[in-house]
Structure formats: C-alpha cells, structure tokens
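Right, one structure below, let's go through it.
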Amino acid sequence: MADILFIGLSLSSILLLIALGLAITYGAMGVINMAHGELVMIGAYTAVLSGIYLNFNMFVALPLAFFTAAAVGLLIEKLVIRRLYGRIIDTLLATWGVAILLQQAIRLQFGATFFDVTVPGLGPGLQNIDVPSFLNKPFDVAGFTVQPYRTFIIAVTLILAALTWYLFYRTRIGMQVRAIMRNPDMAASCGIDVRRVSALTFAYGSGLAGVAGVLLAGFKTVQPDMGAAVVVDGFLVVVVGGVGSLLGTGLAALLLGQINGIVAVLSNDIVARAVVFGVVIVLIMWRPQGLFSFKNR
Amino acid sequence: MANPALIIDGLSVDFGGFKAVDGFSTVIDDGELRVVLGPNGAGKTTMMDLITGNTRSTGGTVTMYGKDITNHAEHEIARAGLGRKFQIPSVFRDLTVFENFEVAVTKQQGVFGNLRFGLRASEKEKLDQIIELTQTSDVIDKRAGDLSHGQMQWLELGMLIAQDSRVILLDEPTAGMTQGETYRTSQIIKALKGQHTIIVVEHDMAFVREIAEKITVMHLGKMLAEGRMDVIENDPKVQDAYLGSGGIH
Amino acid sequence: MRLSDSPYVDVFAYGMFIAAILLLPLVMDDPFWLNRIAKYLVFGMLGVAIALSWGYAGILNLGQGLFFGIGAYMVAMSLKLQSYTSLQQGSDKPVPDFMLWNAEPGAPTDLCCIVPGSWIWQPFQAQWFGMVMSVVVPVVISYILATAIFRLRVSGVYVAIITLALVLLARLLLIDAQPLTNGFNGLTDLGWLTVAGIEFDPYLTATYYIIAVSLSVVLVLARLLISTRAGLILQSTRDDPKRSRFLGFDVATYQVFFFTVSAAIAGFAGMLYVIAAEFASPSFMDLTFSISMVVWAAVGGRSSLLGACIGAILINTIEASASETELLQESWRAVIGLIFVLVVLYLPRGLAGIGQETVDWIGRKAGISGRSRSGRVTNPSAAE
C-alpha cells in the first residue's frame, strides 16, 4: 500500500511542479498560457544544451533554466499577453500560437535548418540529459525501496512551493501581486506599478516552468512537443484547486496524483488518466470556482 | 378590492449571519407607483434581488397577483409578469437598439416557437410606440454598447415596456443622469403609471417628489415607515435613520 | 447604416462561395487535389460549427473533435464491415480483421461474440445505421452534456476546460477499447459509401459533389437559423445572460439547443470526412485538432459563419501546398503560429472583418447604403 501511495505522491509532485507556475500565471493573473508547456520544454532544452556545450550538470542547469524560461516568459508578456489582460479566452488562443512558434523554433534550430546547419541538441529529434549517478541508485530504508530521483523531485517541488508561498504572502511584491489579482485598477491607483509587477510575476511563473523542465528531462526524453503533453494536466490541477489559491493547487495535485496512481495500479495507465479527466469534469461542474478558492462577492 | 400586485411577507435573507433583509413586509396595490427610500446599505437592492429570484431568500414569501413566486427561477418570475431595471444599465451591448427591443417584445419563450423571421404586426405596432416614447428612433440601428448613459437607461426602460410586465422594479433609474435626462425619465415613468405597477428605488429627492405617491422607507433590512411624502418627511424615526447622512435631501 | 449590414451583401457573398465550390471541378480535374479539397470543405463545415457556438452563443467548445470523431467512427464502423478486409475472414458474415487478431483462440468468427462487446457492431452492418448514428450519437451526447453544463450555469472558460477534458477522456477510452476500436491505429481499409448500388469512390467528382452540396446546405441553414428570432435571442444570451433571464427566457434552453446543433454539424462533418478520407482515427480527438478548428474559425472570423468556413478551407489548402517538403511544412507551421498570434492581437474579427470593412469602404465611396433590420430610415448624422 505504501508503495502505491508513493507512486501517487511522485505523480502529484510532477503535477504540482507544472501547476505551480500556472497557479501564478493563470491563478493570479487570469492568463491561460498555453505556451506554459513550451516554457517547460525550454527549461529541458536549457539543461540539454548547457550539458553539451558548457558541461554543466543538472544542478547548475536548474537556476540557468529558471532564468532562461523567465526571460522568454518576460518577452511573451511584453509582446503578447500585455495587450490581452482581462480577455481570458484570447490569452488562450494567442499563447497557443506562441506555443507553436516556440516548438518550431526548436525544430528548425532557430532557423539554422534553412542553411543546412545541424546544431547538436536542437532539431526535431529526441534528446536526453544525464542524471547524477547518486540520484539513480535506489536504496532501502526500513525494508522499503526508495527511488532517489523521485524523492529529489518531491523535495525540489516542496522547496519551490514553500518559496512561492513565502513570496506571495510574506513579501511586499507578493502583496502587490495579490492586490492586482483582486482589483488591478484599485491597485494602480494605490501607486502599484501594475505593468511592471505583472510582467515580473509572469516571468516568475515562467521560470518555475523552466525548473520543471529540467526535472522532467531527468526521466523523460526531451523533444519539441514534450510540453504540450503536460500543460493540460497542469491547468486541470489549478482549476480544480481553485483559481488564486496556492494551497488549493497543492491539494488538487495531491488528490489527482493519488487517484491517477491508485487507478493505474488497479487497472492501467490509460484508464487512470481517463478517470482523472472524469473526476476533473465532475468537480468543475460541481464547483467551477474550485475546491479551495476564496469567496468573491 | 382588486387583487394586490405584490404581497411581500416577512421576506428575509441571511448571508452567513448578516441579515441584509430582515422580515420585510409590504403590500403594493395594482397600478400603484411606490418609491422605496433608505440610506446606503438599507437592503433596497437586495430586496429587489430577492423578489426577482436573483438571490434566494431564506425566509418569507412573495406573492404576485395571487401567485406564489418565492424563490422561483428568474425567467419564471419574469414570465409571471415582473420586469426589472438594474442600477447599472443592463442591455445587450453587441446588438442594435432595435434588436434589443425585438428580443424584449418576444412573447414566445421556447426555442422552437421562435424559429421564425421578421416581426409580427402586433409586435411592430408596439415597438413603434415604444420607440416614440423613449425617443430612440435616431439611434435605432446603433450598437447598444455605443449609446450614451442616458440613452442606455431609456433603452432598458423601453425593453421593460416591450416585455409588457405588469409589475416593474426600477433600481435608481436616474443614477448618473443630467437634470434634463432625469426630467425625461420622470416623464417616461409617469406615462407608464396606471398601466403598470411600478416600484422605484431612488436617492434623488427632486425626482422622488416629481413622481412619488406612496413611499416606503427601509433601514437595516427592515421596514421603517410607510406613507405619503409629507408624512414620511416629518417622521422622527426616518429623521433618526438619516441623521448620519444628513437627513433626507 | 453600414453596407455590410445589408442582407443583400450576405446573399451575394454566400452565393459566390457556393458557386465557387460547386464549379471547382470544372477547372480542377486532378482527382487527387479534388479529394483533398473535399476534405478541406469538411473542415470548412467544422468552421461553421465553431462559429455558431463560439461567435453566436459565446460558448467556446474546445472539444468539438469529440463530436467530429464520434461522427467519423459511426460511419467508419459501417464502412469497415463493408470492406473486403471484413468480408473475407472465412465466415459468411463480416468481421473486422483487427478483431481476429485480438480474439481469444477458438472464439467464433462472428460479430456476436468474437471479442467481448463486439455485438455492438452488429447493427452497423446496415450502412444507413452508421450514417444516421453519425449525427444521432453526437446529438444525444451533446444534449446530455450541455444540459448538465448550462443548467448548472457553468460558463466562459470553464465550459472550454470541461469540453477539453471530455474530448481527452473520450480519446483515452477509445484507445483503451483496443479490441473493439483497433486502438491507436483507428479504422482503416474501409469500404466505399454505396447508395442505390452506386459506389462512391473518394476520388470521384460525384463524391466531391456530395460534400460540396452538403456544405452549401449546412451553411445556408445555419445562416438562416441565426437570423431567426431564436438566433437573435441566442445572441442576447451571449451579451448579457442575466438580462435575457429577466426578460423571461430560459437561457440554458437556448445554449443547449445551439450547442447541440453545433455538435450535430460536427458529427455530420465527421461522417463526410470518412467518406472522403477512408479512415477514422483517435487523432480526431487529439487536443491539437480541436484547438486547430478554433484557430481556423478565429482566422476566418469567429462571428461570421462564412468567414470561419473560408478560414478553415484556406489554411488547410495553403498547408497542403506547403507540405511538398518537410522543411516547408515545418516553416508553415511556424507561420501559422505567428498568423494566429497576430490575428488575436490585431484582427479580432478575422478575415471576415477585413471583408466587411472593404464592403463598407465601397459602400461609402459609391454612396450606397444598406437597408437596416429595423426597416427605418434613420437620420444619417445621428447614426454615425
């Protein structure tokens, strides 16, 4: 039983990792960023490329990916999202276009393909990164096998979640973000630089996606469309948890990850994912505002 | 005596311990024009929400022309003959003024009954009158969202008339209007008097004096006083309630 | 009064479009391309379905692929049973080849019981049954779904998320039911549509005409539907559902009706697609495909049925022309991504918006004015 729960916990942590960035860009800013998956992908490629060209290992790649993805996120915010605040469906559509552009940028090696140049680490093919060997050796604790890499992911996720919580609820900028969330006009008239804070918040959410990408790359092959596969799950977690509630996002990730894990053991992976979608549909119909949202009157 | 238009009996709502409307009762006669006054937070708009089914009440009943409409769905209450104008004008912004009227004048409720083209003769006749009354003929093909504030209010009033409601609730119909616009609005409302039973929530005392017959004053979710303008103005309880906001003016 | 508001402009535009697709075989005699265009006309029909629910009802259905996919599978089941791969399995009754591969040893070669649940295929031996089900099943499912969603007053982005989750759910179930549906591989090697003894080879001009005429009929009916009073009331519920309720309309009824009509069109499109493309695949229920439909409609013009239809046909035709080399195809995908971002940012009414502005410009230059819906002569200075 404990090992089933651990499988669920491991799935939960990956869901939370993806959802954490979305909880900020979607939950706090009302932007459905379909390119979030591509920011995850960019994080993964940062790890791949820094491994090939700079000989960086995964731990160094983590902060590098954060800043790379954050920079791309900032660019997306300045060029596209900025004009679309308050038009949630349009943000979904426009960022879908951005997602395609980012995928194609990797596939076409930022245009190098047109000149018959091949850049190792880019292009439509599959890539991998090396996980430090001590994270790959399972060890026993009290007669129970621990997968160190999974544990590492859970640990990093928890640290990031705690950090995000601290930023949002214990810092000045976090307070400004929450003020903008509730009422951007009021926040602006209180002297908050709404544009700057929004851009930074979006960049932070994007940076988290980059970190998720590095961790994902440790056990999944890296390819241009890897992000598209995870972004939907991330959204469902945020919506189920309740827009604007970090705790809700965490609990929803836990819930959906466990359901996925348990059903996968009882049946198979496909049915498990189907059940998760079913649960999500019922939950959204029942409580569109999310399981753990604050009440807006 | 004829069946009263609206009997409100002990109407209450409890928002998690806060009673916004608390055992409010009144009887409004057929064809009456009733003005509801009260300081901010007295529960006037909430009371309208409760009558129209926008908010579910937690106690009491609402009866319209002998029919119990307490907590029915909004569209059922509307079909029973109750129309409402909101404080912030609520019109179909992407439709033209004419299309707004066209929707409002539709008698058939269901989808299949409305799979038809054009206007019936009776509908056309009625719309002509309403366009005349609300003076919207110059803007008839304009998008409703592009109208001025006053025009939008008159459009919404016109829609209520087109809807043919027996009872009309008006929530601050002159809010944000210029003096001239307020005067026109009072003329429209006066023209409706007699054919419709009208309940108006309003702050503008000049406007209230212009139209009022009988006044109900609300305070803290309850009925404070009811009667003619001069009686209300000299009621010490009313003066007390308004003391904080400087009395009725 | 703008000229583009005049009903005659619409009649002209729709007439031109229908004439163009009906006359196309006269100038295009390459059966390969004609078949391709036929498929894109089907996508045009999907554009109509999207514009109807998104543009007119304000309901963004990100799972329209569900109804397209169901429509496709229903008729594909019938056509599969008509195919030689089903008829030559050593039994006098048709049995799909993939079921034999999945059957337990010794299972009877009969649809009743070759694999668990295969009896569900039995009625599909009649081709008409599959064709009717292509529309009936999407209608039933969308009706139930829409009733649940709109009675609970779920709206906006939540409808989009629910429909999106639903199409992904259905796709997984379809793949998981591998012995019944051939899983990832979908239904291939299908027979041809046969009506009154005539076989409709997908590369025949006659097959093209089935699709072109179907699209014309759907387009005109949908256009008429939105100009009825019910269509107007629907648009009112999109603008301000609360006001519609206070006018006495049960908003959910209208949303359910038009959501269902849109699903029926998508199901019908799925059926036509299988007739032209000779396969049905779970990829019809991929998220990418459902979102692509929305992209086509947005580029063409989300609140114009004809615009969305033309948008779908245009994008797919250009994509097909670009698919000669892989490099071109990949570049085109990037271009589409860019176009889409630009359309959302700068051209919210899509190509249809450009068309309308051009017509209005001609109207102003030529001093022609339309006749308004109100039929009233308005003071032009006030109307400006």
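Note that the chains take the letters A, B and C in the order they are written out, and that residue 1 is the start of every chain.
Definition applied: contacts are C-beta pairs under 8 Å (C-beta built on N, C-alpha and C of every residue); 3 or more make two chains touch, one makes a residue touch a chain.
It should be emphasised that the depicted structure is a prediction, and the values quoted were computed from it without experimental measurement.
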Shared chain contacts [chain A and chain C, defined touch]: none
From chain A, the most remote chain by mean C-alpha position: B
Centre distance in Å when chain A and chain C are each reduced to the mean of their C-alpha atoms: 32
Chain centre separation (chain A, chain B; CA means) in Å: 49
Distance between chain centroids, defined by C-alpha means - chain B, chain C (Å): 44
Contact set on chain C toward chain B in their complex: 1, 5, 225, 227-230, 232-233, 235-236, 238-240, 242-251, 253-254, 257, 372-374, 376, 378-379, 382-383
Chain C-touching residues of chain B, taken from the complex the two chains share: 52, 54, 73-75, 78-79, 83-84, 90-96, 98-100, 102-104, 106, 108-112, 114-117, 137-142, 159, 163
Of all residues in chain A, those that touch chain C in their complex: 32, 80, 83-84, 88-90, 92-94, 96-101, 103-105, 107-108, 113-114, 124, 228, 232, 235-236, 239, 268, 270-271, 273-274, 277-278, 280-281, 284-286, 288
Residues on chain C engaged by chain A in the complex (per definition of touch): 60, 148-149, 152, 154-158, 160-162, 164-166, 168-169, 172-173, 175-176, 287-288, 291, 294-295, 298, 327, 330-331, 333-334, 336-341, 344-345, 348
